[in-house]
Every structure is written in structure tokens, then in C-alpha cells.
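The letters A, B, C and D name the chains in turn, as written, and every chain counts its residues from 1.
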Amino acid sequence: MNHSKCFVFVVRQPPFRGDRTVELVDQLLAVAAFDHPVDVLFLDDGVWQLQAAHVLEGAGLRPLAPLLRTLEFYDVREVAAEHESLAERALSPDGLVLPVRLLARSEVPAWIAGHDVAVGCG
Amino acid sequence: MVGALIMKFVIQIDASPHEAQAANTAYQFIKAALANGHHILLVFFYYDGVCNAQVSSFAGKDDLSGRWSALAREHGLDLVLCVSAAQRRGLVSAEGKDQGLLAPGFRIGGLGQWVDACLKADRILTFTS
Amino acid sequence: MSVLHLVNASPFESAALSRCLARAGEGDAVLLLENGVYGALTGCRFSREVAEAAAWLDIRVLAPDLRARGLCASSLLQTLGQVDYDGFVELAVRHELSLTWT
Amino acid sequence: MDVNQPLRLGADGFLLDSHSWDEATAERLAETIGIRLTDAHWEIVRFIRDYHRRFDHLPNARLFVKAVQKELGETKGNNRYLHGLFPGGPLKHACLIAGLPKPPGCL
């Protein structure tokens, strides 16, 4: 029996890069499916993924909000976003598709270092 | 001395060899790790990384898929393509058959294998672009 | 736990290097590789930021990628150490986690 | 859907046009894999349709069991119960009867 590890996925890329978000969520949920603690941190342009007001009519794109809500459904332990990344982009933490834990930039290194496995998604 | 420790690695490759250097970097890293006595539990191809398994129509000796096959043969590497990423890109049929498009040494697997290998590994590295 | 940060994008094209330096912690290491090696140049827009970070952070450059791009020692920040692939593996052994910044 | 109309199925036996799905279609889809729908089947089929509508996502086999467990409880969210209903593979066959696409990674 392997001991459990806690995973963190660091998402830095904006939405709508083909199937990236779908595949990211699949990998993240694969960890949750085996009941290992998994956190996700949205940083830099990654925070755009959390914007609630994507209007996709006429763009031929798939909405991400329903997909991202699976993170809550499957008990992903913590969904975090960096406060500065949101502020730089004039995004309010209240208007996101998911409730997030806000981390200050100065807290990010120690928070990441508290995990056993880190997966950077570009 | 830390450098003398033997470690078990899991390597994830997220990029196609045609558009980024990342897959080649992973290949060089794995060669060096093996030469230093480390173990590679799994090389997991995800996202566009699954394209590493495709044999190019221009295949020559520098083709990365051929180099992966040779490395797998020499060292018993487990080269695993994520089935859903490979299906999405048409490399693998809906029934999970490889359609003869994969270079020798690659096999179809799933995210469960990646999670499992991560639990057994000392180090997990992702090569992406 | 400490982190090995891999920066593989040119700083002239991507903010990856600055973004990474802003989130690196004490005891972490940064490896500039692929087009990330352009971040090791001296006398350019990013040299000061990198040199300042190198005062507290272990920043290395992947030598084969420097050579591949025709960059020679005299054009590089002298405080950054160079590693080959064996050195890259050693960095990965020394740090428990790894993150890529593109 | 008109019961006299032939079902339009893909090579894998999944319904091609998910908009043409209704309860009668579900009965006919179930017949193609030798299942007679009971209330217990319907509960799972409705669950996966609702899940797909809510999340625009299909789970893998392991997540599916977890999802059923979360929504319908431990007595239904387990492999034994689900395999009893859908011996050929609970996720695959629940999706097939529900008129949904074949889940990715599902062989």
C-alpha cells in the first residue's frame, strides 16, 4: 500500500487553448478519484479561467464554468488564486465561477512547498 | 552526499516534438538520469505529448519517436500514452486500438497509471511548453 | 520541500522568467533552459533583475542549450552557474518538487 | 421519437444525435445491449444525464462510482451495485442508454 501524497496543479495559462482545460481537469480529477488530496492554484493568466462572465455565443467555444464546477463536486481540497494575479487584471474574487482561497504572492512559495507533487501546466 | 542517492522518477511530457523543444529536453534528461543510475518508473505522454509516439513519414535516425523506441528497448522504459489524449488526437481509435500509428515501445494507458506511479516515485517532473 | 523551477521561454517573448522569480522561495533553484537561456545574457533588459535574484537564489543555465544557441561565456552573467544534463538531474534530486514556467 | 424510425447509431452503438433522445429511445437503446430498464436503471440513467447537463463533462469509470455515491449514497455508489445493473460496464452503458457520447478513455 502506497502512502497518500498531496498534489498541487499550478495553472498559469489563459482559457480556450484548445482542449488544455479539459485535459487539465481530467488529470486533476484522476487524483481526486483515488482519494488523494489535490489542490489547484490559478496564477498569472490562469486566473482568466475563473472569470464567470464568459459569453461564448457566436464564438464556437465550449463554456468552462460547468467543467470547473466539477472541482467542487469531487472535493478538490483547495481551489486557490493569487490575489495579485487577480488585482493586476482588475478581476474581483467575488465574480469568479468558484469560491477560491486567496493567497498573497508572498504566501505562494511556502504554500506550493507544502505539497508532495507539483504539476505545472505551462 | 545527496548526489549519490538513487531515485525513482516519473516524467510527464506535454508537448509535441514538432513544435517545442520540451520533449527532446525530457529525452536528454532521462538519458542522463539512467546513466547516473536512477530509475524511470514511467514516461507519461499527455496533452500534445502523445504525438511523440507518431512515426514521421520522413522518419530518419534523428526522429524522436525512433529515439524513444530505442531508449525503451535498451532500458526497458515504460512509455505510456494517455488513452483519452490519444483518442482526442485520433492516434487511437474510440475502441482504444492503436491503429498501427504508434512507434514500437509505446503503449496505451490511463491517468490512473500516472497517479499510481506518482505515489511510488521520489520525483515527478513535467516537461511542457 | 524546495522547488526546482524550470524556465524554458525567452524573457523577450514571455513573462515566465519574472513570474517565476517573483514566486521562487528561499532554498529553491531556477534552471534556465531551452529558449529560457536568453535570460542569462548580460547587458540586456533582464540582466539586472536576474543578477539581483541570483544574489539570494540558486540560478543555473543549461550549457548544451547555450551552446546550441551560439551563446558564449563572455556574453553571460558571470554569477550564474552552468550545468549539463547530469547537473540538471542532480538539481532534480536535490529539490523535491519541480515546476515549469513557459 | 417515432418507434418505427430506425435508431441512428455510431459504429460503437452510441446514439448519433443526442437531441433525438427521449424515454422511448432509451428503452430501445437499452434493448440493443440486452437490458430491460427498471426503476433502478432509470435512476442511474437520469443521474448521468443530469450530471452531463450540469458539468458538460463525462467522468471516467472511477469518478462515475464516486459521483453516484455522492448523489445517491453508498448503497448505490459502489461497483457491485452498478455492475449488477449494467454488467457490460456501468459508465459506458449508462451513457449509451442516456443518449450521451461515449466517455473519453472508455474502451
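Convention: a contact is a pair of C-beta atoms (placed from the backbone, for glycine too) under 8 Å apart; a residue touches a chain by one contact, two chains touch by 3 or more.
Keep in mind the model is a prediction, meaning the values are calculated, not measured.
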Pair exhibiting more inter-chain C-beta contacts, A-C or A-D: A-C
Rounded Å distance, chain C centre to chain D centre (Cα mean): 50
Averaged-CA centre spacing for the pair chain C and chain B, given as whole angstrom: 24
Mean-CA-position distance for chain D and chain A (Å): 29
Overlap residues in chain D, where contacts from two or more other chains coincide: 60, 62, 104
Chain C: positions in contact with at least two other chains: 96, 98-100, 102
Per-residue overlap in chain A, given as positions that touch at least 2 other chains: 26, 30, 33-34, 117-118, 120, 122
Overall pattern in which the protein chains touch one another (line/ring/star/complete/other): other
Chain pairs that touch, as defined at the top of this document: A-B, A-C, A-D, B-C, B-D
Partner chain B, residues of chain D touching it in the complex: 11-12, 60, 62, 102, 104-105, 107
Of chain B, residues touching chain A in the complex: 12, 14, 46-47, 84-85, 88, 110-112, 114-116, 118-120, 124, 126, 128-129
Contact set on chain D toward chain A in their complex: 54-57, 59-60, 62-63, 66-67, 70, 104
Contact footprint of chain C on chain B as seen in their complex: 2-3, 5, 7, 9, 20-22, 25, 28-29, 31-33, 35-36, 38, 123-129
Interfacial residue positions of chain C with respect to chain A in the complex: 1-3, 6, 15, 19, 22-26, 28, 96-102
